[in-house]
Structure formats: C-alpha cells, structure tokens
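We just call them A, B, C and D in the order they show up, numbering each chain from 1.
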Amino acid sequence: MIGQYIRGSAIAAALFAVGMGAASANTVKIAYLEGLSGPFANVGEVGLRHLQFAADRINAKGGVLGQKIEVIPFDTKTSPQEAQLVFKQLVDQGIRYMMQGNGSAVAIALSEALGKHNSREPEKTVLYMNYGAVDPSLTNDKCNFYHFRFDADVDMKMQALTTYMAQQKDITKVYLINQDYAFGQSVAKAGRAMLTKKRPDIQIVGDDLHPLGKIKDFAPYVAKIKASGADAVISGNWGNDIALLIKAAKDAGLKAKFYTYYAGGLGTPPVIGEAGVGNLKQVTVFHSNIGGSGAAAEVEAYRKRFPDSKDDFYWTTIMTAVDMLTRAMEQTKSTDPTKVALAMENMKATQVTGEAYMRPENHQLVQPIFVSTFSKANGKDVKFDVERTGFGFQTDARIEAKDTVLPTTCKFQRPKG
Amino acid sequence: MEFFLVTLLNSLSYGLLLFMLSSGLTLIFSMMGVLNFAHASFYMLGAYFAFQTSQAIGFWPALVVAPIAVAALGAITERYGLRTVHKYGHVAELLFTFGLAYIIEEIVHLIWGRAPVEYKIPAVLDFSAFSIFSTQYPAYRVFMMLVSVGMLIALYFALTRTRIGLIIQASLTHPDMVESLGHNVPRVFMTVFAGGAALAGLAGVIGGNAFVTEPGMAASVGTIVFVVVVFGGMGSLAGAFVASLVIGAVQTFSVGFDYSLLNLFALLGIETSADSAWYDLWKVTISQAGPVLPYILMVLMLIFRPKGLMGTREG
Amino acid sequence: MAYQPPPLIHRKRLLTWGLTAAVLIVMPLIFKQSFALSMMSQMGIAIIFALSYNMLLGQTGMLSFGHAVYFGLGAFFSVHALNAVGAGNFHWPVTLLPLIGGVAGLFFGVIFGYVTTKHSGTPFAMISLGIAEMVAACSLMFPTFFGGEGGISTDRVVGNAVMGITFGPSIQVYYLIAGWCFVCMVAMYALTQTPLGRMANAVRDNAERARFVGYNPTHVRYMMLMLSSFFAGIAGALAAINYELVTAENVGVVASGNVLLMSFIGGIGHFFGPIIGAMLVTFIQSALSNYTLAWLLYFGLFFLVMILFAPGGIASLITLHKPAWEVAQVRKLVPSYIVAGLAGAVLLVGVISLIEMIYQVETKAEQSGTEMSLFGIGFDAATVMPWVVSVCILFVGALLLWMASRYVRSSWTQVAAVINARRSA
Amino acid sequence: MPAALELKAVHKSFGKTAIINGVDLAIEKGERHAVIGPNGAGKSTLFNLISGRFPLSTGNILLDGQDITGLAPNEINRRGLARSFQITNIFAKLSVYENIRCAVMWSMGYRYSFWKRVAGLRDVADRAQSIVDMINLGRRRDTLAGVLSYAELRALEIGVTIAGGANVILLDEPTAGMSNTETADAVALIRNVTQGKTLVMVEHDMSVVFGLADRISVLVYGQVIATGTPEEIRSNKAVQEAYLGTEATEESE
C-alpha cells in the first residue's frame, strides 16, 4: 500500500517536472481560458481564433513595447471549479493577463478568484478581460476593479431590444420563453420589466422557463405559444434550444416574430436554415452586415486568415480588448496590470461598429447595439452569410451607445496609481 | 382543443420514437442483463451515418444503410467487447458500455465536429400534411409515425413468426432457458445486440433530422430511455411500448400546465409571498417540472412496483 | 487454546498508517507550486469521496450512479453554513465544517437510502440514477439554495485566526484536507473490520444467505449507504472550503460517474484501490488536459483497456504479485515486464501520434496550421509520411506487445510453478 | 410442550399449479426427521416455505408453538430456525473462517454494530473457531470459500447453517453428489453437530435417511402420504408402491 504511494508520487513528480516552465520569456502573455475539450470546445476555439487574429495583427506591427503578444490557451472544461484551478496555474506560470467570455458561471467564479488572489498577493496582480460573459452582476454588485467587460450585458441588450420593440406598433402580445437557469431567468425578468414600462399596452401572454438543453421536441411549447395568440416571442435561448424552437415554430406555421440573443450563435444558423428567414431577430453588439468599410474588411480578413473554418468574424469585443490593452501599455510604458488597468479606464476606442468607451464606474464597455433579422444573403445589405449557410443578418436598427447606459450598483476599491 | 389535439399528436410521435429506442434496449437488457449505456450512442451514430449517407446518395438509401451500419457496429461491440468482459459480471459489462458511450462521443466530436451538422429533412417530406384549426402538422412527423408503426409491426412478426424470435421471446421471461435448449447462446446474444442497435440507429435516422444531429444528442435521450425501460418493466416489450407512450405524453402535456403549488395555496386560501419559506419550491410550475416528472414516475414505480408496469421479473 | 484478540495497533499497521501520515505531511514540502498544492488538495478530497463510494460498490456490492448527490448536498449545506458563519449568524469553527457537510450527507442518505436500498443490483443502480437526475434537475430550478449556474461562493477566511490559522493560504487548506483525509481513511478502514463491515461483504457475496444467518440485507445496505453518504458529505464540505465555490455540477450525474471511474480504475476489490484511483484520475484530469486536447479520448480508452484487461483495477494488478513476492520470485518477472513495457511504449507512441495528428488536423489546424511536433520531432500532419510512420509504429508495437505478452505468460508459468511447489511443501 | 416445528394445512401454488397440497406435520423437540419423496414432490419447496424464502398460499407454520407464517427469513432465523441449501449457497469471496463468523454474529448479539472491532470479539472468535474445527476445516480456515472442494463446501454449508446455534436445523440434501466415504463423513458430521437439536432433512440417499432419522415423512405430489419410524415406513404398503419399492431395492444392491 505504501509502495503505491511512493510509486504514484514519483510518477507525479516526473510529470510535474516536464510540465512546468513551458512559457517563454520576453513576451506579453495573455492566458485564454475556455472549455477547449468536451462539448463546448468548438465555441472555445472560435474565441481562440479571434484572439490569435488580434494578436497576429499587433505582432505584425512589431508587438507592444517591443514585445510580441503570446496567446496561451488553458482548458477550463467549461466548469467554474476547473477554471479556478486553471487560474492558479496561470498565476504559477507568471501570466498577468487573461481573457475569458463563455459562460457567466465561469466568469463569476474567475472574477471572485481573481479578487481574492489580487488582494492576497498584490505583487502578482492579474487583469481579466471578459469578452462575452453577460451576467449583469459582473459589472454591478459583484464587480471587480481588475475585471473589464467588452460585451454588453443582458440588461443593456434588453434595453436596446425593448427600445426597438416599443417602436413596433404591430406588437401587442408578447410571449417569454427561456432556459431555466440564471441567465434565462434574468432575460425573462428584464424583458417583462422593461417592456411593460416602455409599452404598458403590450400584454405579456406567457412566461415559460424550460430546462436547459434537455428538450428534444419544442412542438408542445410552440402549440402553447400559438394558443396564447402571441405575435412576438422573446427568448434568451442559445444552442439547440433556440434552433429547435425556431424549427418547431416553422413546422407548426407559427407567424410570431422571435426576438433573441443568440440566434447567430455558433452552430445555430445551419440548424435553423430556411425556417428562420424573416421572423428571427437577434440583439448583438456586432454582426457581419452592419455596414461600413471597416466591418466588411474585418470579416474578409478573418475569412482569409482562417479559410477552412466555417465560423465568421464575430467577437469585435476581443479586438477592442486587445486594442485597449496594447494602447494602455504603450501609454504607460509598462506591463504592470494595475497601471494598465488605470489607463484603460475611460479609454475611448474606435470599433468597426462605431465609437465606444470604457465606463470607469464599473469597467463596462459602452458601445452601439444592433437589432438584426435573419435573411437570405443577397450580396447587398446582406453581403455576408453566416457559417457559409447562405443566410445572414440584416440590420433593423442601431441603438446608439449612450442609449444603452444603465445605472450601476458597482462600488469597487480603486488602487492608487 | 387545438392545443390538446396538436399536443396529442406530438406526444404520440415522440412516444413512438422513444419506443423505437427502448424496444432494443429492453431486449438487450432483459436477455443479456446488460444495461447498455451506449444504446443512445447508437442512436446518435444512426443520425450521423444517415447524415453522411444522405449527403452522398440521398435520404432514402440512408434509411436502410445507416441502421445496417449501426447494427454491424453493435455486433462488433458484442463480439469483441461485451463477450470479453462477460466473465467479470454485469457490473463490468455495464461499465464497458459506459466507457464506450464516452469514447463514441469523443470520436463523433473528432469526425463531425462539435457543432450540429446540417442533416435536413428530405424535400419531398418538407411540407405540412394537414392543419388542425390553424396549426399546421408537418408531413415529416406523419412519416416518423409511419416508420415507427411499420417497425412495430415488423418487430411483432419477427418475434412471433421466426424461430429466433421465438427463442428471444422465451428467453425474455426465462433467461436461463435458452441455454438449456441447446441454442447457440453467443450468437443469439449477438443478434439481439445488433438488432437492438439497428433499431436505435433507425430511430437516429428519422429523429436526427426532425430534431438536431449533434454530439450531445446521445446524452439528452440516454437517461430518458432508461426510464422508459425501467418504468415499462423488464422483459416486457408491451410494457416498454406503453411506458414510451406514457412518458412521451407526460413530457409533452406537462408543458401546457402552468400551475404551481402557489395556485393550490391560493385555492386553499393560504397567503404566500416571495418571502415565504420554500417559495422557490412552491412557485415551480408543472411545465417547469415536466422534465423531472419521468424520473419521479420511475422512482415511484420502483418503490411501489419494482417489476415495472408490465414486467415479469425483478432485477 | 483461548483466543487472543490481535492488538488494535500492531507494528505492520502502525507502519502503514504512519507512513501514510508522513507522506501527507511531506508532500507539500516537495511540490511547492500552488497548482501542485491545489491538485493534492483535490486528491485528498477525491480519496475520501472514492473510498466512501467504494463502501457501496466494493464492499456492499451496490452500483450507484448517484453518489455525488450526497457529496454535492454536503458541499451546499456547508457552503451555506460557512456563509452564515461569515455573516456572524452562526458560530462554528471552519476546521469542523466538514462535520456539517457530513451530517447533511447523512441526512439525505437517510431519506434517499430508505427508498433506494430496498433494491439491489440493477434496480438499485437505476433508482440511484433516477434520484441523481432528479436532484440535478432541481439544482437549476431552485436558485436560492443552489445559486443557479453560478453556484454559491463563499470566503473561507472567517472569524479570528486560531494560532495563526486563517485558512487563507492554500497550504493551510491542504493540511486541513490532509488531516480530514487521514481521519476518514482510518475510520473507513476501521469500519471494514466491524460486524457491519463484515456483513456488508457477506451481503455483497450472497444477500440471500445473509438473510438465513439472521441479517436483513436491506438494513445492511441502508446502514452502509448512510455511513457512506456521511463520508461523501465530509468530502463535499472540504471541496466547498477548497474551491470557495459550490456549483450545481457537484451534484450532477457526471460527478457521480467520475467517482465510479476513480474507484473502478483503482480497484474496487481492495480497500486501497480507490485511493490509487482517486489520485490517478485527479492527476489525469488536471494534468493531462494541459498537454493534450485529446485527454478525454485517452481517458476513455484507458478506462476501456482497464475493463477489458484488468477489471480488478490497479490494486488487483499489485496484489497479483503478492504470492510471487512472498516466494521472492518477482525478480524473475521483471525482465519480461521490461520487454512488455517497451513494447507497450512503442504501441503507445503509435496510438498517441495518430490521435494527436487527427486532433491537429481536425481541431487545431485553423489556429496553428498542420505543423506540429511530437516527442521532440517536428513535422507536417498534412503530409502522408507521418501517417505512414505512425501506422507502422502502431503495428510494430502491437506485434511486439503480442510477443511480449507470451514472454510474460511463460515467465508467470515458471513463477507459478515455484509458488505451487512452495505451497505444497 | 409444543412441537419444535409444526405445519398446519400448508398449501403452496405457483400460478395454477399446486406444489404443496395440504401438508400437516409436527416434529418433536430433539427429533431427527427426514423428508423423502420422488423428484418434484415438493420437498425443497416445503423447506423454502418453512424457512420463509417463499410465502405460503394458505396454512400456518409454528416454530416452538409460535406462529412464524409470513415472517421474513431473517426473522425466522432469529427465532431459532436455520437451513442449508441444496445448491451450495455461501459467501464465496470470504474465507471459511469469515463465513462462519458472519453466521455466528447475529446470534451473539452483535447485530449491525459498526463501533466494535470484529477481531476484538473474543466470544465470536472462540465460537467461530470451534465450529471451523467441528466441521473439520481447520486446515482450510483462511482459504476463500470460492475455491474449496465440493465436499468441503458441503461441510461449510452445514457449518454456516448450524453456526448461529439455532434449535431447529433444516438440511436440504446434505450429501447430494458425494462419494461413499464422503457421505459417511458427512453423516458423522451431521450427527455430531445436531446433537440435542431438532433436525429436519431432505435426502435422497436412503442409507443416510435410515441411518440418521428417528422418523420419516414421505412426500408425494405435495402431500404427506405417511409419517413414522424408519421401520413403519419401510413396511408401509402405500409408500412402497408410490416410491420406495423400486428405489429401496436399487439402494440395497
């Protein structure tokens, strides 16, 4: 029995020795934390491609402060607890910048681990760039000085979406259908509150929460929506939960319009296909057909860089994050996270979507938000399709940055710069 | 009324699909004692094979080719996997299928990627068959039901009119008997396993495009099929059939009921507010709890009638 | 000759436990990185959990697919208790927090066990799976208690430091876990030596006969499940302290499957099997995933190979050598093992290169191209040559392993002859 | 004084087939009673009914005057009735000694305790050891039961049965499949371990039956057609016709 312990630990020791000290010196290292194995690995890979794309561009121009940017991927297995362990690893390796964006559960866990770590070991401070985790609490009651969010949160998007919906006079009855977990519940809550405030005449005819990722057949839900007489549906569903919902709606001949968050999410448009054309809308900070030469160039450059991948340029947030990070470093002539963080506050950025700035009270990027409709690609205003499906998004409305700002409850301790 | 009729049809088509999956599992489970965790993986493989075949030569050949391919894989699994671990007992067999399910999912990730594939309903079947009041009913759903019923009839004849079918039937209720009859037990097992896999594969072919073909599809039906088998009872195909329809109906109909315990309290005149103790529990509606209902049914069934609905034996 | 009970503490056992304790104490002095430390903490938790699981599977013959329910609920109750302590509503030392987790685990063990242990065999397995699915589904439906997808977080640094121990630094947490791990190991081992522990084995072997010697197998199973869920709850509480976060995945079916894999790989037939399994699987899951994206596939293949060729787990591979060791014949096996090891390594190189190349082409090509390096050799996976070479290595390895296995077998035949001769003498 | 074991109008049917069809039987304390009968007469079923393995269809069973009808096997065992099995039924992965130890623990009052060390229970150890010695398996004490020879298994089966100190012992074909010398040893063993107890046995080997039993019951088609001393049974016409005649002559040859 004891022999076993010894043998086991000897093997462990040997493997440790091999594993440590992999990262090379004299680069600015950005740890990329996502699920890179298991069911959501493809989503993690898309973000990684974007980060690589952004880093390549900086490196082609000679890097930042004469150093190249090095992207080091870590596998969180999309689990909050694993993410915390991975976080310890990157601290061990002396990495001071990290990026993550899929899954608010992981984001909250990381943000909390980061807070504890930075206060317990201030000499090893780490800065966290969040490119897509949209739980409002991250920039409200759970905010953290070293956490910067580049995507608009659930409430901001709902603000934009309901502003748009309020203008649509033909909407009279709205149905809410969401996944039964924190994100879906907050979409339902925000949707109901904001919509009834802006358009008291609109009737909420249904509010369904269904289990996350467990429903095979959405036909019964569609039958229920149909029975309610709704002409608009709001849904925060993502992945198969939105794809199957749209397919079932088409099968049953439901005419209502769907206002969603993630209709354009990776892997969803191919499943929806024809079924979504004209009645499927999404609210995002970017889509390929927002217009303007900058956006088109970006989409084309990405396609050129990754010709075999089916995904498209999507995460402007990663571009802005890397852009702000490098400019902050150039400005302060330092790679110290605290100095960089102070420089990033209130920084302005010119994104392909327009002007944006980092809000200093809660480190939330404020930027324009778009509502768009799933349509056939036509080479004109729907120039680019998504995932090579022949379908793309067409802009319905652009909500300006200033109209998306919401009050915040964030009160973080600001270090002295 | 409209909701009721549409939902009834939906529950029927879903229940029949469940039966196609659970019939194979019941046969394998009852005869070999192996609770096949990889059964839903065969369902998934059926869908992916059909996707691949239909890209090359079309949907109709896929309807035949994919189940046969899955059956071949099932036969190989039985011959080179299960038979090897058989001597270590049922736990080892079960764990073998558990590990296999794990690997099949990873391999599917590798070959077809993690995102759903574009496995589409054939154009000939992509129209609405009829309308119930204002709701259209898609033709493909009708087709699914036809295939399921056809399979049901074929299975019935295979079990009652062929020699091997009679042996299988006998061994469902008396698993020890087959051996004493002097039949080639390993071959019977292999046939049953391959046949069960083929049924699962066929379910995958017609379910994959009706719903979605992606690597998580195995996990999403896997446990529900177990529930059906346990609920219906060991060794009973009729039980599996009834259980499939019941579970299908429970899952589909529960969606329509937005009642929670709060409604009941209101009826009884008990005041509740968001601050009440256990408010989280009281406010859960039946439609929210729908997916848990099959498990609750199963647990209740096992408590009060361990044999299952129409089972002939326990354990 | 009157029976003399063996002393409770005799030399051999004292040595075993003493060394175990020593290893637990010394480990963090050798592996100092915080990653290593957190992995060892995880191992400690996994050991308790896997041992508690083996009380069911290995000792009582109950295959459970829902053991994480007790682990997870133990974790949730302790995290709420810890938060209450932090808020000053409740006084309880953090050191003893695992007891709260244990009692919570026990509480649910009493409730669920009453239902599940009326059955054995496959019905038990199924009903445990059903309960696990139920609890997992509920965990997302009740965000107040389970914290939704984000889980419940906490701060383990509460109250005043006792003798400088705040449990802030992870080294202190490690020693807390190591201490509990040691206590639990001793307790669970001791349990195997009690009337209940022995009857659990009897029920596992032959539940019906146990009835005919006066025992009710249902009671034996129920009691074992309750005790086991107590220990699982302790492990859950330690996890809550270690991660300072408890999420719904802790009660999930995946977590239950994981503990089953740990116990089985380690070996359910021996008390120390799950300990090895817990350490190995934890290591594979946290370390291997740093080196390769294909780790899930490797892990799955490893598991299948274990089931097919060593269903008794690693522990049985070790104890297989006990008779040979006793007659000092192990050295005769060593040469054949070395040969088999080398052959296995060749085969492994072939398998690894193929899998890594497939992954490179399928998933990584977009970011970093098809250029890759393995075992220090750089090549382009888009060309034919590496594939041919890998397949050749694979076949050569398989052939060598087949020949080596014959060598191993013949060595064993010789050793077995010696053992038999010694026995009959 | 009540009978050690009494069966009153016991019936048992499986589906529509009646296997035991109204058995009345009383066995006195200290008696050695054999149940004989042709294959399929229901002897093993009768044992399964008495020991609580199967529920009765109708009728009553009394142990020492107390009604035990419908009790679980473990309850019946605790009231002082133990049985062996025709097909060996022991704890295969435990050693011989541990098998016996498991069988003595309940009767010595240790029940489900998980706070006592088994190895520290002197009384359990002494009793288990004495039974191991009594069944002549001292040399195989620490061998796993699963690897014993057939005769050793049968001896262990008897050991496990009597270990709890039950007053009524049911042995189901204890010598089935044994050679002549093994049978002789087994008979000696049975005689030895059941001293002062009530023994009921099902047995096919007539030399064993007539050598051991004080009284014999003949079971044919689920009914007792005769009960009496060996001599009475030997001379009973009905028994001879129904069953004994042919077999007895075969046995004597």
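To be clear about the criterion, a contact is a pair of C-beta atoms (placed from the backbone, for glycine too) under 8 Å apart; a residue touches a chain by one contact, two chains touch by 3 or more.
All of these numbers come straight from a predicted model, not from anything done at the bench.
Listed here as common contacts of chain A and chain D: C. In terms of the distance between Cα centroids, chain A is separated most widely from D. Mean C-alpha position of chain B lies 31 Å from that of chain C. In this assembly, the C-alpha centroid of chain B lies 48 Å from the C-alpha centroid of chain D. Between chain C and chain D, the centres computed from C-alpha atoms are 44 Å apart. For the pair chain A and chain C, the distance between C-alpha centroids works out to 35 Å.
Residue positions of chain C with contacts to 2 or more other chains are 137, 141, 143, 294, 296, 363.
Under the contact definition stated at the top, the residues of chain B that touch 2 or more other chains are 113, 288, 291.
Touching two or more other chains at once are residues 41, 180, 211, 214 of chain A.
Chains that are in contact with each other form these pairs: A-B, A-C, B-C, C-D. Put simply, chain C touches chain A in their complex at residues 15-16, 19-20, 23, 27, 30-31, 33-36, 38-39, 42, 137, 140-141, 143, 148-151, 153, 155, 168-169, 239, 243-245, 247, 249-250, 272, 275-276, 279-280, 283, 286-287, 289-291, 293-296, 318, 363, 365-367. The part of chain B that touches chain A in the complex is made up of residues 2-3, 6-7, 10-11, 14, 109, 113-118, 120, 128, 131, 134-138, 140-141, 207, 211-212, 214-216, 220-221, 252-253, 255-256, 258, 287-288, 290-291. Of all residues in chain A, only 39-43, 180, 208-211, 213-217, 219-221, 223-224, 226-227, 240, 243-244, 247, 251-253, 266-267, 270-271, 273, 310, 389 touch chain B in the complex they form. Chain D contributes residues 51, 53, 72-74, 77-78, 82-83, 85, 89-94, 98, 101-103, 105-107, 110-122, 125-126, 129, 160-161, 163-164 to its touches with chain C in the complex. Taken in their complex, chain A has these residues touching chain C: 1-6, 8-9, 12-13, 15-16, 19-20, 36-38, 41, 45, 48-49, 52, 74-75, 77, 79-82, 84-85, 88-89, 91-92, 103-105, 108-109, 112-113, 116, 120, 135, 180-183, 185, 211-212, 214, 306, 308-309.
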